[in-house]
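Take this structure first; my questions come after.
Chain naming follows the written order as A, B, C and D, and within any one chain the residues start at number 1.
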Amino acid sequence: MTVTAGILGATGAVGQRLIQLLEPHPDFELAALTASNASAGHPYRDVAKWRIDAPIPESVAETTVRRTEPDAVPDDIDLLFSSLPSSVGERVEPAFCEAGYVVSSNSSNHRTAPDVPLTIPEVNPDHLGVLEVQQDERGWDGALVKNPNCSTITMVPTLAALDSFGLERVTVSTLQAVSGAGYSGVSSMEIIDNAIPHIGGEERKMEQEACKLLGTFDGAEIDWHGVDVAASCNRIPTLDGHLENVWADTRESITPADARAAMQSYSSIDLYSSPDPLIHVFDDEPDRPQPRLDRLRGDGMAVTAGGFQETTDGVQYNCLAHNTIRGAAGASVLNGELLHKQGWL
Amino acid sequence: MTVTAGILGATGAVGQRLIQLLEPHPDFELAALTASNASAGHPYRDVAKWRIDAPIPESVAETTVRRTEPDAVPDDIDLLFSSLPSSVGERVEPAFCEAGYVVSSNSSNHRTAPDVPLTIPEVNPDHLGVLEVQQDERGWDGALVKNPNCSTITMVPTLAALDSFGLERVTVSTLQAVSGAGYSGVSSMEIIDNAIPHIGGEERKMEQEACKLLGTFDGAEIDWHGVDVAASCNRIPTLDGHLENVWADTRESITPADARAAMQSYSSIDLYSSPDPLIHVFDDEPDRPQPRLDRLRGDGMAVTAGGFQETTDGVQYNCLAHNTIRGAAGASVLNGELLHKQGWL
Amino acid sequence: MTVTAGILGATGAVGQRLIQLLEPHPDFELAALTASNASAGHPYRDVAKWRIDAPIPESVAETTVRRTEPDAVPDDIDLLFSSLPSSVGERVEPAFCEAGYVVSSNSSNHRTAPDVPLTIPEVNPDHLGVLEVQQDERGWDGALVKNPNCSTITMVPTLAALDSFGLERVTVSTLQAVSGAGYSGVSSMEIIDNAIPHIGGEERKMEQEACKLLGTFDGAEIDWHGVDVAASCNRIPTLDGHLENVWADTRESITPADARAAMQSYSSIDLYSSPDPLIHVFDDEPDRPQPRLDRLRGDGMAVTAGGFQETTDGVQYNCLAHNTIRGAAGASVLNGELLHKQGWL
Amino acid sequence: MTVTAGILGATGAVGQRLIQLLEPHPDFELAALTASNASAGHPYRDVAKWRIDAPIPESVAETTVRRTEPDAVPDDIDLLFSSLPSSVGERVEPAFCEAGYVVSSNSSNHRTAPDVPLTIPEVNPDHLGVLEVQQDERGWDGALVKNPNCSTITMVPTLAALDSFGLERVTVSTLQAVSGAGYSGVSSMEIIDNAIPHIGGEERKMEQEACKLLGTFDGAEIDWHGVDVAASCNRIPTLDGHLENVWADTRESITPADARAAMQSYSSIDLYSSPDPLIHVFDDEPDRPQPRLDRLRGDGMAVTAGGFQETTDGVQYNCLAHNTIRGAAGASVLNGELLHKQGWL
């Protein structure tokens, strides 16, 4: 059965990736695109500055863009994907939920709210259960589900794979691509022949979202994991793909071979967009993963890891994921597939 | 009194920087340039692929390049700077020392040998004292002094400034410029729109050299510092300037303000090429230091630091230095100035 | 009927693209890979520094690499693709032809020889007829066919489309990607934040090859076109895709609309790797084509053109093609398809 | 005698360069900085996103920024440099001239107006004479002088040097740096691993401004040169320095040696910021000039040229200049020096 879907904020960098992923998707049918009032009423082709290295799908190019308000979207939409700017999403997403829509959102608002599930389907699909609390408390017919920040998604599957060894402390340094900041987020004058050791709010997001994602849902509440996460976030001159250096300190002793094995066998999930394996491990190529060579593994949905080394208190390694596919648009789509599978639509 | 100086390996990227620094230097006079046998006998201009954005100094352009052997260098040279490839330096530098030359070397061989001083003049000038042991044991009239690897130099002054709080563990992630690998070290096809999370041997160098540099010299031996250093080294598409994310865990409690104050007041040294202050601290610009904007502070000899944050066990910050000036050519020149001041020439 | 194929020089940048194109090709079956003597005897995976952002095909990874000599290649190979360095190809390719092999070569040697066809199948497929002269004169059982240089291929289809207006003079400026120089051809220290206004021999190749390609074959000889071509070649920091600014002066008057129409309707050819249309024309987006956005049109085999403007003596426009697919590996494959279709295998 | 100077639009990329050039200037003293109303009233340090790789001059950092209106600027300012956005400049610059200020402007408005001198002091200093007409016709006490667009300035000195051979047609292709578009002009997502073959309005500017600059002033009117200029403008991923491929067709025959000699001996002018020679010619290095290596020749005020080759109708070569120094801020400063020398202040 096909799910009728829409996109809130369809013209931005993540919105474009959502279109690229949803247009050929076997289970979803794109039926509505929204953007700012200035773009509403115009054909998508005219208002989206399309930046993907494949043409705009024909069926989408001539679609008339709508306002981002509940009354501008058809009632029979089953699922809305949101890639709205956080400040807009904070105001508008609850309005859609109240109007009865189910929203799978990449927008950073509400991610740490106790009654909003923050999910990576392969990692914590059961957290979706908190939606009952959400609907109950907020009186919503709709529902709001979040995926984490792109830099968080990159490392959390690898950390989840290691948690059986007792994660105690995680130190992580990121080398993030410019697309993570959106089309006009990073000026070329800032980043050519340069790196910027600061991304506003990003470190806090990684530290908090990781603890929520790795937490346990007891049927009523999400109990956050107690791991001590310290992140340092850097922007570098790459287009797509966040690379991260991770040091994971564990309670039990762990060898690089243990870590590789745990990641290689980390459970996948039976959803259309979930790759198998979820984590691609490089055994004997210490210079991998690399953003340009590895970001498209599993059609951009796989996490890759390599460079495992022993440390005094655990293990050190590098991981990578495509920040606008696995880290944003694909993450929302995957949550949409999970909502569908679990019967929330 | 002017010191007559030569350069071993003058045509490479670091050799070119040495020329740029020594040609206008008030205390040194360039009297000999050596390179491979293939280049020997030719004017410098013809065999050096000059890559610096200022013309070759006129006085150097027409200088005839010599072979890199003791018998090809004039006897009255007081000091030789070496930027030889490590494999060549390992063989040739001891031969020069045996022939009576004092060598200030950037080459990575011998750096951890017990009787070879590894010095950053502002950090451990007293380690030069081990040269007496060296000459005694090896029967050399000359002497061999090393500066550390570029990635090590960038962080060690900041660590030395913090050591009064009791350094216990250092975790460091580097974002290193391509010039650190030499002219043909990194192909453009490898690094455009990419990052490489591995630099062969670099992590071990940072971990070992830091402990030796922070160690104490008791008049006979250098006792290495016991700090546990874990490094992860990355190459990114920048031309010059290594940026590093550091987490320093200390025995005593330390605040970001403590760390900033310790770095700001960290002692300088009265040598021509040593900047004052040695460490430039950014107080309220969390996105600094950045390679392109800050690598030339103090004519490329300053270390810059910023982004201080509290962590559970210490402090987190970023630091940066110009890898071919402070991190290589300038480091060797500064050691040459120290050798001169301490009367070793 | 499947053609058994081999690759001479399979480990380089173009060799890797050949593998990527041939492995899934419906008409060709890869049966032999050769490389330098140092690589011969080893599995392909171990000696090729694979740089393409998709994994090495499994069937190829474990293939043992052979020496690049006729006696090291099986007799039953129908067609050899050559991406040998020019100096090696000059010596070895004739030896293969003499031994009876048909060679479709991307190597720059022999391209302007009167009895060697230089073909772009959509432009001058009839030039293949000169092979009869070649075999006759040289006494070969095999045959040697060349595709042009990547920068030539990019513009020649557009020029061929305009030739009915009487091409008199062509001025062309190129913005070429680093992959055109091979894996270690352009150092990152040369090209980051830079451009190089010189590529050795490239301008002469464009000027000569264009005249040969646009020439006419009378059944015995290829009569070169008399157009006056002046090229200026630049290397810029892009990975793939050569962009070219072209001014075409014609005998008859021509408008931008004329030029666009001529290109849009320029004949395609019924070969597996030939896209339809051959030339994708951008009508109303003056900032296209762009390398990163348009190089993969037609799976990297299309030429794209845009920015048409009137000039005093003709028309001005920009064109682009993927230099290692349409401009090298794909060009050789397409010539192989033409050889197959015309019954030369 | 010191000239009291101000900057209109001091916070942008060109405004920052103006500060960098004027602060140490022996003849000018910076006395006023203006910017948008949003920035007015704040210290310069707080409202300028300083992007130059040297710190903000101390004397400027704490200066309070003023509104960009005549009543907000002190009366005793002798000369205003303008780097306003064109749309703002078009409205505001005449108001300043009417209020009696002399304005040396880099803003693109009014450049082709008959009574506004468009000058490169080394090329057409006499065009300043049209200011009498300007003041007369417009009733201004002040005066408005323009420097050309950065891409025009790069080639015009080389064309002026060749004009004794009778310039008939000029074809030029540009490879322009991102700083030419201002701080937020080119997004990193647009330009990394890419090139853009279109810069809005730039080609027309080059074609028109070149004819005006090369024209003759008869004491009353500027008679434009009749040369046929066709330009194609490209943006590439370099930070600073516009590189241009030029084909100059001349009435009289010209050899590469003729062209080199004409450029090498092209007259300089006795002004503080004018380098001697104006045009640095590379004789035997065909791969020069290159943006990163050569943009700072003559402190960024020299034009460099190389790669001379014979063509059927003239000569082909490459030229380069620093687009924000010689091509913008330095050009305005030089015009200011000329105004001072010719007694217009």
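Following the convention adopted for this analysis, contacts are C-beta pairs under 8 Å (C-beta built on N, C-alpha and C of every residue); 3 or more make two chains touch, one makes a residue touch a chain.
Small disclaimer: the values here were computed from a predicted structure and weren't measured.
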Selected interface, A-B versus B-D, where C-beta contact pairs are more numerous: A-B
Remotest chain, subunit B as reference, centres from CA atoms: C
Chain centre separation in whole Å, for subunit B relative to subunit A (CA means): 42
Interchain centroid distance [CA atoms averaged], subunit B/subunit C, Å: 47
Multi-chain contact sites of subunit B, meaning residues that touch two or more partners: 51, 192-193, 237-239, 292-293
In the complex with subunit B, residue positions of subunit C that touch it: 13, 51, 178-179, 183-193, 237-239
Touching residues (chain side subunit B, partner subunit D) in the complex: 51, 53-54, 192-193, 292-296
Contact footprint of subunit B on subunit A as seen in their complex: 169, 171, 173, 175, 192-198, 203, 228, 230, 232, 234, 236-239, 243, 245, 247, 286-293, 306-307, 309, 311-312, 316, 318
